[in-house]
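As written, the chains take the letters A, B, C, D, E and F, and residue 1 is the first residue of each chain.
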Amino acid sequence: MSVDPVILFFVLGLVAGLAKSDLRIPPAIYDLLSTLLLITIGLKGGVELARSPLVGVMPQAAGVLAIGFILPLLVFPILRFVARFGRADSASLAAHYGSVSVATFAVGVAFLAERNVGYDSQLPLFLVLLEVPAIIVGILLARGLSGNQSWGKLLHEILLGKSIVLLVGGLAIGWAAGPTGVQPLEPLFFDLFKGVLALFLLEMGLIAAGQAQALRNKGLPLIVFGVLAPLPLAAIGACAGWAMGLSVGGTTLLAVLTGSASYIAAPAAIRMAVPEANPSLSLTASLGVTFPFNIFVGIPIYYSIAIALHQWGG
Amino acid sequence: MPDDSRKLITIVTEAILEVELCEHLEKLGATGYTVTNARGSGHRGIRDAGWSSSSNVRIEVVCNEVVAQRIATSLRDNYYNNYAMILFEGDVRVLRPEKF
Amino acid sequence: MSVDPVILFFVLGLVAGLAKSDLRIPPAIYDLLSTLLLITIGLKGGVELARSPLVGVMPQAAGVLAIGFILPLLVFPILRFVARFGRADSASLAAHYGSVSVATFAVGVAFLAERNVGYDSQLPLFLVLLEVPAIIVGILLARGLSGNQSWGKLLHEILLGKSIVLLVGGLAIGWAAGPTGVQPLEPLFFDLFKGVLALFLLEMGLIAAGQAQALRNKGLPLIVFGVLAPLPLAAIGACAGWAMGLSVGGTTLLAVLTGSASYIAAPAAIRMAVPEANPSLSLTASLGVTFPFNIFVGIPIYYSIAIALHQWGG
Amino acid sequence: MPDDSRKLITIVTEAILEVELCEHLEKLGATGYTVTNARGSGHRGIRDAGWSSSSNVRIEVVCNEVVAQRIATSLRDNYYNNYAMILFEGDVRVLRPEKF
Amino acid sequence: MSVDPVILFFVLGLVAGLAKSDLRIPPAIYDLLSTLLLITIGLKGGVELARSPLVGVMPQAAGVLAIGFILPLLVFPILRFVARFGRADSASLAAHYGSVSVATFAVGVAFLAERNVGYDSQLPLFLVLLEVPAIIVGILLARGLSGNQSWGKLLHEILLGKSIVLLVGGLAIGWAAGPTGVQPLEPLFFDLFKGVLALFLLEMGLIAAGQAQALRNKGLPLIVFGVLAPLPLAAIGACAGWAMGLSVGGTTLLAVLTGSASYIAAPAAIRMAVPEANPSLSLTASLGVTFPFNIFVGIPIYYSIAIALHQWGG
Amino acid sequence: MPDDSRKLITIVTEAILEVELCEHLEKLGATGYTVTNARGSGHRGIRDAGWSSSSNVRIEVVCNEVVAQRIATSLRDNYYNNYAMILFEGDVRVLRPEKF
């Protein structure tokens, strides 16, 4: 099975960026591409949810939500006391790695499609559910519960961030319109998905290349963490998915989610709520190390883990 | 004729602060503000606008000396330590001084 | 028949905007989307016109043009003497409501497609013909014929505005290239139409939400006018369409056109020619009240009117 | 050496005025101008660049005192009452004074 | 055979621009469109190359590379001593006309597709090979070999310019992924090609219109050169293509390449390396004269030349 | 308290020069710079940002008098003759003078 071309576009961006090419994707185009991806993922999920009864999903959703709150609590102490990062930075990294990366999820979806492996309809819903909790926990870890008056404002910003709004909106519209209603939207949102993802990854490569510099400075600890963190986190997701009775594809994607690190929702929220944390630290780890690691090495591994679990689990 | 000399405060900082900062400026007494997208480099490294979290905004406020002082002090105390930010102040003459 | 998903995208934008989400569509993307919509509508119409002889359309075109000049003259006195708006503002609103909204037309087209109802090929041509006259009348109502030297410059700006150029250009190209010639362009301009419209309405929702504030201040008169004006205006269009012998679909769309209010061509032209008019007044009415009213309530009503006319007319 | 001090006029106004205003500025004697897209807030409310009719432009003109005065007066008389607009003037020193 | 609609979009842009319409394509959209075109051309070529053995192409590639170095040397003396342009300007124009125009190539591809004429898989590769050499020669012609320390920096800029990176990247990805791998990318990069090209040409028309002013000033010599240069240059390409044993389509496209003038790579590189050359001179000639000439008149002629060569060559 | 008055150098020139120029500015001692996209008109005609090769950038540098002088001289000698470019200098007061 040859490597997926969308990943080659990431490589192209990475190489062009490292070689200091003048290739640029205008911010407006980056916004368009991410908007399309978020709506597509939401719509796809919504259409699927329309097919299956929602009630059955509720307990699973609760479980996923719980995982979202627990993961950062597992990551934080390691960062704080093993890797010896400062409190703010540890909390920030915990929030980033507890939350999820939409682009990694999209690559995972493409990876499964490539292999004609289906996945459970509720995964996009889980994507939404996993995005927020870790950020809240991370902020609490940094600030403590003590006198922080602006929680309302903060939650508002997190819950109404672009990615959440478009994902939830897409889910709702897909669910309300159903398969037939969404059909006329498919040429833009479904047929172009792979191509849009390719362009998006091209830009991601350029951005990741921009992190290389910072990487050279921060150096080893970040790389080590960025490479070692995903596997155990993904393993937790895989086991949870399997325990919930998700399909192989669903189990894989849940592992992809828990194993991925946020670089959109988390950075924005943490920057506002924990300004003393060094943003380039978490961004470099999630974008410069973990994202490439996941799309090259991680996803295939998580897929085999999912298969193994289902075989062993019988 | 009224005195038409005012201060022009220019702030260059992280795009993510735009909304919060603009509300803050009006609280401090600014009658308005002008924002443009920007990129640049400084003590916190290159910020090249590739995407929102790495881009800057350039905010201008025309105001009287008192408000200018208030803004400078408030930003230094609340943002300067943790965010990529510079602030400088110049002297300008305005049309319709009563507006500012 | 479930609600069309493109309208749900408007709702999503509206909700996100009212909830002060940080969701934004960059201006450059707004331009791309509107450019695509305008070209699509033009091309579609041109291809159709290529099928039917143009001469037959001429008398109808003349009639539509006449309507374009008459409508603002009907609206103005009501605004000036009943609603008691100032002269400039009354003229401005008359121009906006006499002119047409491309987005509303596009939603109407989608509405008919949803129901597999065809429409006459000359409608996009009518869209062009209805856009300009009301604006000219509006300016005359505000300024009078007296010493206004810059008419040439003004007409130039109005007739060469983006929307006119792209609509007319699309019409001409579609007409010249014909069905087969346009075929290779269909994937972008025709297949993606619904999806592009969805994104455009998402942005429209965000913009409309921005008008809510102004609405609270201006309050009742604007809402009343914005809701009451479309129906009679659309009725005139429907009757005219039926009298011209248009199909049910064509009658519906002509009603949609006369019942809709411009928020692109008119605002720009009026801002330059009647600067003393309050722009947020007309924009709030057309975008914040009439546009939503039309896509939610108006279009279905106009459709039933068209059906009724054709049944009753036998 | 020639006197290199000039005036820097900065205008922030509705994007829709850009073309007309720039022609106007050259008629008034400006040897050039620089335009950037902007958004902002003032007496006429928030103008947030979501789309053209609600966005601003920021126009700069470097010119001598006479032209500066002419521009200020002309804009005040022709545009200030009906359009969202501010204008302020500062003192600058230029390279190649003969250009301005 | 009616005129290709994509060319009508160029006409639309040209007319709108000359009529001073306020129609604009935002820079960000221009970037998106050119990015899509470059990737598409690269991908298409890469997929084809994957089908045929690369070794056979090597000698041809060497020949094309040689042509790239020779062409500017032929053009320069004519400009310098016949048209009496200054040294810098002659060198600049030589670089522009020795290099190639991607948009003209794309129109050529569309022209052949319209007629169901295939072309050899290596043409996109030739496009890349022809872009750079002329620029280097042009710089040498202007500066001489004497003390110019920054060649490394210069070559870096030229070789890592946006167009080269995307073309080569597309080629590589298409080649690595192969026909099946690229399939999911086709909706965006292949199906939309014609539509994207149409929008791009619309913008090209607007830009070309902007050159008209300069044209009036520079006047005759530029027009004469811009019209007369393409034919002989294209003839050289045609003969070379025929001698290499390219198909009629391939011969046509090679003629299109040698007959076209760069307006992206060359202007940027020359502006940096030969700042004393007047940029509007070369841009006006290539964009305002040669580009329109080629898409309206040139391409059909080159096609007939290619046919003639193959018939006569038996 | 330290002296907080600095020079604000503003350069408007061809977008193509951005990367090279910014490196150059830092070599000359600038501790940072801010860039915004711009369009405009001057002696070399209209530059309307339709696409990169016809667009401008507006670069600002806050620096001390010495660096300012160095920048002005260097740009005049290396770029002014061959590129569309203007440069003007104003006086500003900065927050955190030690940064500049």
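Going forward, a contact is a pair of C-beta atoms (placed from the backbone, for glycine too) under 8 Å apart; a residue touches a chain by one contact, two chains touch by 3 or more.
It should be emphasised that the depicted structure is a prediction, and the values quoted were computed from it without experimental measurement.
Chemist: Work out which chains are contact partners of both chain A and chain E.
Modeler: Chains touching both chain A and chain E: C.
Chemist: Since chain B and chain F are copies that touch, is their contact same (over half of the numbers shared) or different (under half)?
Modeler: Both copies, chain B as well as chain F, present different residues to each other, with under half of the numbers appearing on both sides.
Chemist: In whole angstrom, how far does the Cα centroid of chain C sit from the Cα centroid of chain D?
Modeler: Measuring from centre to centre gives 34 Å for this pair.
Chemist: Using CA atom averages as chain centres, what separation in Å is found between chain A and chain D?
Modeler: 46
Chemist: If you average the Cα atoms of chain D and of chain F to get two centres, how far apart are those centres in Å?
Modeler: Each chain reduced to its C-alpha mean, chain D and chain F end up 19 Å apart.
Chemist: Where in chain B do residues touch two or more of the other chains?
Modeler: Within chain B, the residues that touch at least two other chains are 36-37, 90-91.
Chemist: Which positions in chain A touch two or more other chains at once?
Modeler: As it turns out, chain A has residues touching two or more other chains at 22, 24-29, 32, 187, 192.
Chemist: Which pairs of chains touch one another in this structure?
Modeler: Chains touch in the following pairs: A-B, A-C, A-E, B-D, B-F, C-D, C-E, D-F, E-F.
Chemist: Residues of chain C touching chain D in their complex?
Modeler: It comes out as residues 24-25, 27, 30, 203, 206-207, 210, 214, 264, 267-268, 271-272, 275-276, 279-280, 283.
Chemist: Provide the residue numbers of chain F that touch chain E in the complex, in ascending order.
Modeler: 14, 16, 20, 37, 45, 48-55, 79, 81-83
Chemist: Using the touch definition from the top, list the residues of chain C that touch chain A in their complex.
Modeler: Contacts found on chain C: 2-6, 8-9, 12, 16, 19-29, 32, 110, 113, 187, 191-192, 194-196, 198-199.
Chemist: Can you list the chain A residues touching chain C in their complex?
Modeler: Touch list, chain A to chain C: 26-29, 31-32, 35, 156-157, 160-162, 165-166, 169, 172-173, 176-178, 181-182, 184-189, 192.
Chemist: Sort out for me which residues of chain D touch chain F in the complex.
Modeler: Touching chain F from chain D are residues 6, 8, 22, 26, 31-37, 62, 90-96, 99.
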